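Chain IDs A, B, C and D follow the sequence of writing; residue 1 opens each chain.
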Amino acid sequence: MNNIIVLPLVIPILTGILLVFLHRHVKTQRWISIIATILNIVISFIILQKIHVEGILKLDFGGWAAPYGITFVADSFAVLLVLTANFVTALCLIYAMFSIGEKREKLFFYPFVHLLVAGVNGSFLTGDLFNLFVCFEVMLLASYALITHGGTRIQLRESIKYIVINVLSSSLFVIAIAYLYGSIGTLNLAHLSARIAESGQTPLLTAISLLFLIVFSIKSGLLLYQWLPGSYSAPPTAIAALFGALLTKVGVYALFRTFSLLFYHEPAVTHNLIGIMAAITLIGGSIGAIAYKNIRHIVAYNVVIAIGFILIGLAVSTQSAIEGSIYYLIHDMIIKALLFLLAGTMITLTRTSRFDQVSGLIRNYPVLGWLFFIAMLSLTGIPPFSGFIGKILVGYGAVETGHFLLLALGFISSLFVLYSLLRIFMNSFWGETMISEDQEAPLKKGLIIPCLILALATIALGVGAESIATYVSDAANTLLNPDIYIDAVLNK
Amino acid sequence: MITVSYAIFFPFIVAALIPILYKRLSKLHIGWIVMTVPALLFIYLARYIPHITNGKTVTNTVYWIPSYDLNLTTHLDGLSLIFGLIITGIGTLVVLYSIYYLSKEESLKHFYIYLLLFMGGMLGVVFVDHMMLFYLFWEVTSISSFLLIAFWYQRKGSRYGAKKALLITISGGLAMLIGFLMIHASTGTFSIREVIVNVGIFREHQLFIPAMIMILLGAFTKSAQFPFHIWLPSAMEAPTPISAYLHSATMVKAGIYLVARFSPIFGGDLVWFWLVSGIGLLTLLWGAFCAIRQTDLKALLAYSTVSQLGLIMSLFGVGSISFNQELISAALYTQAIFAGLFHLINHSTFKGALFMVVGIVDYQLGTRDIRRLGGLMSFMPISFTVALIGSFSMAGLPPFNGFLSKEMFFTAMLKISELDLFSLDTWGILFPVIAWIASVFTFVYSLIIVIKTFLGEQSESLDKPTHEAPKGMLVAPVILALFVVGIFFFPNIVGDYLIYPAMLSIFSSVFAGEHLTHTISAWHGFNTELFMTIGIVILGTVIFLLLRYFKYVYKLFPEKWSFDALFHHGLEGLERISNKITSFYMTGNLKHYLSYIYLSIVIFIGGNLVYRGAFTFNFTDDANIHLFSWFLVAVIIVAAVMLIFVKKRLPAILLNGFIGYSVSMFYVLFRAPDLALTQIVVETASTALFLLCFYFLSEWKQDKKAFPFSIKNLIISVSVGVTVVLVALSVKSEKLFETISTYYENALELAGSRNIVNTILGDFRAFDTMLEVVVLCIAGLGVYSLVKIRKRKGAENLED
Amino acid sequence: MKINEVILQSIAKLVVFIILTLALYLFFSGHNAPGGGFIAGLVLASAIILLFLAFDMETVLKGIPLDFKMIAALGVFLAVSTGVGSILFDVPFLTHTIVAYDLPLLGMIELSTVTLFEAGVALTVVGVVITIILTISEDV
Amino acid sequence: METLIIILAGILVTVSTYLMLSKNLIRIILGMSLLTHASHLLLMAMGGFKGNVPIIGDQAGEFIDALPQALILTSIVISFGVTSFILVLAYRNYETFKIDNLDKLWGIKDE
């Protein structure tokens, strides 16, 4: 019995509900939050090990065999992401405890975070298309609650765009499911895959796949990322970090899943289109990142660039490119959380989000400065930090298949990443120190410790890439050979 | 025995320990501890000399990420040994010098950490065999160089110089990385040695030339070749020991090393030859030309470094021709590479010495401005002597080592001009001509350094120094000066023990050892080379005397057209254009963002339908249409269209409710009682909410133009609607499979329930329902917190 | 107190009673006929809302001293717990079981975890709807 | 019948798109609710009307496929949650900014 694979979803839900009852007891909430998240990390790790030994795990809910019931499917790809997501969540939670304020904590901040994580984990693990929609909704509603949480003016204003666009994409998702169900007559991903393989991917199915592409592109910020910079600038740091690290990645996951498991028969249309979209995303993100002097915007456009880069891997779809994308996905979750937390900390300390209004911070806050420096290098893909392996593997895939334009854009975009962050670093951290030491706002340890851990993680992941190499190659292998997945779900 | 692979880590480990040591040994200048690192490594490497001279090499591997074949394989051969010795040797002297140069008030901890990082990175670059690791260490040097240039980060110039250096070198590094990936894609290996073994296959591959160009971009940016040289003069904002170490002796030579290392792979190719030698010569000329106009001593030295690097580069370019298979007398041209290696060593000695002297002048007088300096000879005789030796060596005069390598350079250039290959019969004559002109300039600026600083009159605004620099500070430059002289007299020690093994490691795939020995001698009789040198001295002296008039030439090259300005304005322009483009489409207006989504639906899906001919339609299978359905459809359409034109809030809300109820009528019609019930109740509840939320708010302003009719929006809407319909009709007509629903007909047997829909919800797909309940719960809590968490006066401030 | 109000309130009480019965009926009929937890919950909620309309909110809240947010949470807890129960019995998550008891006087009583699950759904719906309505109407 | 429903859904999508492109939040919300209806109608039509009987033992006529029914039900509930949330958000917005023209709202600067 593989009931263990539902735990990454059930634990956060139960924790969230429990914390609703305990919403007045802030301290208890904090402890339970942390314990639950750590528990989840441990469980995901156990699942990962189990997959390594037993292959893909599946769980038919209620004992109703696929494709009739709903099935959870845990393969290496999904569980690696679950693991990373929970790790990042734990650190964002710690950061939040020191920054979010008791008022928010009493008004269900922790329940919302846990439910968000439940939605995220569910989206990674589910093997059913409609259930993916439902998991998305869990995640999205929690994100709506979080993005507006606190009700400041900018939050109220920007969240409208976020919510309206996401509601639109949800409706489109339902329509896309309707089409696919009408055509293929089933909802289970493995079953869908098997049936599509049987009938061939007709032009109509390709058209439907493009609707999925649009839906997931909105969620992941591929091409249709316009909602992202504004929305991610609105909420408090810890929430923004959580969003930046997790939400778009779920969309990316869905893109990888659908276009490697379901619609992989006509890459000339779909994958080339993804390539074009990735290229435009890279360009748009790159120029966006250097267009403004607002740190929040720069950070948000960096999210966009990463999405474009990861999707190169899918457009190319070779073993090494996919492996590279997976590495990069994991790396990006960690590093984006770090970047958002650091940027947020800077803004809290200096009370301005424009980098040209501050200088010489490194004298007052050396640790913060060096963490930012590390984050900058890691984001640029400088070895031995975590961005490197992903970058060369994706790049290698692009070279192998002759996608030189994508390769060039991908690599040039990392220069833009470097430059955009270098501007912040050189202007804000270097230069004459403006704040004297007795005037400086104290930097709470609770804020810097999560950042430190994340920085260590990016180093560890870079230097110790060998430790997850087998899981990643297994994940890529499953993505490239849908039969493994189908076999595990339908024939076990 | 500690292997080279581990030796590379030594600097890194010490760097990690520095913060602790710095605290513990606060009385000691931390530089003394740091100095032991390069000194020990120098000894360690020097012990390999006899081994290497015999033509042997040492290889070993430390495993890092075996899954991707990313392992630290080091390869110690003649070429890497030369660089290793320069890095550690000059490194020791530079650290020694820095101990006196930097006072304990400076942030020594940072300085030495960066320096050690650099040293480790540089050793890595020259010793690793794996291209990815090579790239890793390459970037380590770029980054530590960045940090060192910006050591005085409060200064604007330092920051600017650091930024420029980082952007240019990292860009080049990325290009090089792409080149490496291309090599791997064509040969299947990241090991440089393995590529050399399989070079025959690689030469046939279509990626051969692209990979070469990419790798050369890396080399040119790092070695400050034209037009990427602009970062090097700006990098002079670094403390002088750094300029001496990184920006003249070691890091900038990494590009040369790269070219040397890859010569066996790319050498002999036309493109390689012309790029390396052509860019080298151009850099040589341009650097020397620009050096003369400088007024800052360090900037002058920077341009001179650029020029000298160009010289070495061009030698490697010319020498690469000896790899050409068609050439019978190929071995003749190995002399150029020999000369290149020799000059590389010489340059490190004399340029290091010169930088240190300039540092001393700066340290003593607080300025490096040539216009204000002068007459220092009598106060600082030792510095003067060192400067004289360094400059004359650079100018190519005897009895200094620069003379020897300069003569060999001329020999190589003369020889290549006579060759009948790669259209050299036409253009070959340019080689010696450019070399000669550039050398004249070199002579001129070498004179400037010595004469303008140490002779003549000092500007009155400066305090005269009373004494020579501290002795400790002089040790390092004096040692280097001794080398400059010593090598002149005993050149063949260097030739036999260092350069010959390096030649072996470059050429082992092509030639046997006997073609590679070259004796260096100071006197070859009255040959062309000698006359060239004499000519240089004469013309150079003339130009120096007429310098005031010569400087008019520079009016032809105004500052605002320089590459420097181009880079600066390019970056600013990029930011400005980016801002314009981004602001253009990122309007912050939801309407626009939604249109992007709608447009992509129409273009992607509609386009695909039309282009691929995916649209099919038949309605023979349709169920019959009830009369009541017609009526319902008509009602809904009318209500929906009315919704567009309604100008008041209340009727709009009611219309919406009406549409909801009508839709539920459909569910009644099709015997979906659960759906109908739910829809009705939900519609009631949400209409109530609508009213609750908006009834009490002020009415929409009675602005007649409140909702102007928009043709543009209408077109978008209709196309979206049409797309949705077209796909839906095709799906309906082209059902590929039966649905899985038949399974649920057995609900009674399977789950003991007669209501199939409810059984699906409560049992088959209970998981959906469970999550749906979670969604509802979040919505409820969300609404609650949204309303309750208002900022009230005096309330706790929320973090925004 | 005005006569009108008394009449309204009396009628309301009656209607609420009818609605509650309906809700209960819908809840249990879901197994074999239209109905089920969700609809029952909504109907129940509307009964309470009717009470709010007839009496003033405070009186009703005094009569039903419940925190509806907590009811919603409780509902979710109940629904998820039925699933977690299966983990304890080592059957796939959310496997429903029917337990039949032969009780004296009442005869056969079937207790299905589906019912428990549906009860959770109904509780959540009641909790959420009332929470939303209460929150807004308190605020306006 | 299916064709008719599909065209109806298409018209609802058109109207909804038009409403969502307007500058008034309530109209946008109305547009969203129309889109939801349209998507449900599509789900229904895609399943076809020759599905199995929703209640075993019931007779006659055309029925919607049972599985889409369940999906629609789930979707209705979810959109109810979403709609109520966004309604309250809109309410809070009007209350805070006192503006019902979104084009003007986006122009407001923070701080």
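A few notes on this one:
Going forward, a contact is a pair of C-beta atoms (placed from the backbone, for glycine too) under 8 Å apart; a residue touches a chain by one contact, two chains touch by 3 or more.
Note that the structure is a prediction, hence the values are computed from the model and not measured.
Graph distance from chain A to chain D, where chains that touch are one step apart, equals 1. Of all the chains shown, the one with its CA centroid nearest the global CA centroid is A.
The interface with the greater count of contacting C-beta pairs, when B-D is set against C-D, is B-D. Per-chain CA centroids place chain B at a distance of 50 Å from chain D. Averaging Cα coordinates per chain places chain A and chain B 26 Å apart. Averaging Cα coordinates per chain places chain A and chain C 38 Å apart. Annotation for chain D: residues 20, 28, 38, 40, 42, 45-48, 55, 67, 73-74, 77-78, 81-82, 84-85, 88-92, 102, 106 touch two or more other chains. Shown for chain B are the residues that touch two or more other chains, namely 588, 590, 594, 673-674, 678, 682, 685, 689, 693, 724, 728, 731-732, 735, 739-741, 744, 754-755, 761, 763-769, 772, 774-784, 786-788. The residues of chain A that reach two or more other chains are 13, 17, 20, 61-62, 130, 134, 137, 141, 144-145, 148, 151, 154, 160, 164, 168, 172, 175, 178-179, 181-182, 187, listed in rising order.
Taken chain by chain, the contacts link every pair, so each chain touches all the others. Residues of chain C that touch chain B in their complex: 30-39, 42-43, 45-46, 49, 69, 72-73, 75-76, 79-80, 83, 93-94, 96, 98, 114, 117-118, 120-121, 124-125, 127-129, 131-133, 135-137, 139-140.
Within the complex formed with chain B, the chain D residues making contact are 1-15, 17-24, 26-28, 30, 33-34, 37-38, 40-42, 44-58, 61-67, 69-70, 72-74, 76-78, 80-85, 87-92, 94-95, 100, 102-103, 106. By the touch rule above, chain A contacts chain C in their complex via residues 1, 3, 6, 10, 13-14, 17, 20-21, 59-63. The touching residues of chain A, when paired with chain B in their complex, are 13, 17, 20, 61-62, 64, 67-70, 99-104, 107-108, 111-112, 115, 118, 122, 130-131, 134-135, 137-138, 141-142, 144-145, 148-152, 154, 160-161, 164-165, 168-169, 172, 175, 178-179, 181-187, 191, 195, 199, 202-208, 210-211, 213-214, 217-218, 223-224, 226-227, 229-230, 236-237, 269, 273, 284, 287-288, 290-292, 348, 360, 362, 377, 380, 382-384, 388-389, 392-393, 395-396, 399-400, 407-408, 411-412, 414-415, 418-419, 422, 426, 430-433, 463, 465-466, 469-470, 473. Residue ranges of chain B in contact with chain D, taken from their complex: 587-591, 594-595, 598, 619, 621-626, 629-630, 633, 636-637, 640-641, 643-644, 649, 652-653, 656, 659-660, 663, 666-667, 670-675, 678-679, 682, 685-686, 689-690, 693-694, 697, 700-701, 706-707, 710, 713-714, 716-718, 720-722, 724-725, 728-729, 731-732, 735, 739-742, 744-745, 747-748, 754-757, 760-761, 764-765, 768-769, 772, 775-776, 778-780, 782-783, 786-787.
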